[in-house]
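Before I ask anything, let me first share the structure, which is written out below as structure tokens.
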């Protein structure tokens, strides 16, 4: 365990083995940080909030939270969470393993996230979002939830396995981005979609099957991406993907 | 008064009764923080700047500034300011009471803001903006000001009472968003608008009256929103809204 | 030299004459900060990263890095770099002199930037971007690079001298924004462009020559902007621009 001399760590926090805590970072009471995790400098981990119903923040083993990040109490992240800098995560996020959250991303809480999900920089995840496994969300994408703002209605969006949402798109309240879909950059998408289709524009229209897109170097199909893109995924998963 | 041992607070700053100042926060000279206010950790309050003309930063009573926020000297916020994390506020903001500024929002200064205005996360308010009362601005909205960038012309936008600007819209230089208007998500709006109308698209077109939108649960009209949405507003105001 | 008592500065870092380092800032090992530079509070300068190949971070003389910023090792900035707050800069940025990087901007590294470039707030520069001299990029603009995300292909964008990209536009992978072009707000631009033309919309279309735009006050042509906008540029450069 290596806690920087300037870090402020509550006696009540549960800190696992071989955890590193950076300079000036604050760890509050209601927190469990699992083994082999790194929390960098200037973070606040486990901010108290009445919406957490007293539930702790759980950070799974082998996680890495980069500097200036703020996590509230009341969320769960299974193993190998990795974040960029300045991430904000509110209460009641229930996330699987190997989640990546890019720099400046803002998770508003009250949402479900599967395994091996990748949020790039500056992604905004509204409350009541349901995100499957192996999903990719690119910079400046916003998942919304209020069909007639402002109101008390929260109509979260659903993003299914392997779906990809490209840069600066808005997913409108209650939309379904189905398995393997690609939402083009700078689009707004509402309602339902069909699996493995491309939607683009504002409002987005169905363009064609993702299977029409070829890799830039001419080496084959670009989608399903899991056939050729394997960085950061475990070998056994990749073998399954290739043999599908 | 509760000032964390690691906070750096200027002797020249005026600090009211029952003020809390968090760990590692820096309060500069030219600042007045009113009674019953909370400033969380890692903030900088009252950053010196020659554009402030020596005017102090005034934070009204019962305010709450969340962690990692930066406020310059030379702005005024009446009572009950509430911010998210990582807010940036430059000089010469003149704001009414009960302003909410969401996480990562960036107020460029030199603007006027009425009472009970709500900026959600990641809102960018350009200089010379004039914002009325009870306005709602949602994530990733930008209020611009330069009609032919880059130039020395600052043509601010005007947003009138009760107007709502939905996620990821751009308000172009000199635009007027009139009373009760709704600007749809992912739109760009320029020129003038009519009261209580919906505009959407890029460039935005007039769609219909806001009165055409029904609440998702079928319980009535969604607009004017003040007829049904009352969270965080004082009871006497709500009574007026209902009886209008 | 003025290093705040709470700053943490590596003995291995090379610190020039008359450098100021703010409260709680961390300077790591592999860093050279040149003379007459200011690093404000809560920064991390020279974050170690294996992608830097051991190259140091070089910050040229007369630079000013504002608070809460994070710079990785392995980048070079010539003289007079100025940043806003909360800037993130990854490895392998090769930048000229007089670069301005606005608050919350995120440089993903592995890119080239000329002299006197201006990034406003919240600009996202993807890897493999090539940016000329005297370029202006406005808030919430994203330069992308992956033609079929996710993939291992990085097809960076090129932005030539004097080009201007207005608020909340996406530059798609491999696009060329030619010399003197203006990309309108809330656009998405792909492929090639012609010099000194305006492109707008999503997908962007060629609108007209920039020479058609007049200054708002009727005093002449708005473009080329270098004929009338001179704030922050050296006198001899301005004289050249006027006499061209």
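Letters A, B and C mark the chains in the order given here, with residues in each chain numbered from 1 onward.
In this section, a residue touches a chain if its C-beta (ideal position, glycine included) is under 8 Å from a C-beta of that chain, and two chains touch if they have at least 3 such contacts.
Everything quoted here is computed from the prediction, not taken from an experiment.
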Chains as vertices, touching pairs as edges: which of line, ring, star, complete or other describes this one? complete
Classification of the subunit B:subunit C interface as same or different, half of numbers criterion: different
Cα centre of subunit B to Cα centre of subunit C, whole Å, reads 27
Per-residue multi-chain contacts in subunit A, two or more chains: 24, 42, 68, 86, 104, 122, 140, 168, 202
Can you list the residues on subunit C that touch subunit B in the complex? 6, 23-24, 41-42, 67-68, 84-86, 103-104, 118, 121-122, 136, 138-140, 164, 166-168, 185-186, 201-202, 213, 215-217, 222-223, 225, 228-229, 231
Tell me, which parts of subunit A touch subunit B in their complex? 8, 24, 26, 42, 44, 47, 68, 70, 86, 88, 104, 106, 108, 122, 124, 140, 142, 144, 147-153, 155, 168, 170, 172, 188, 202
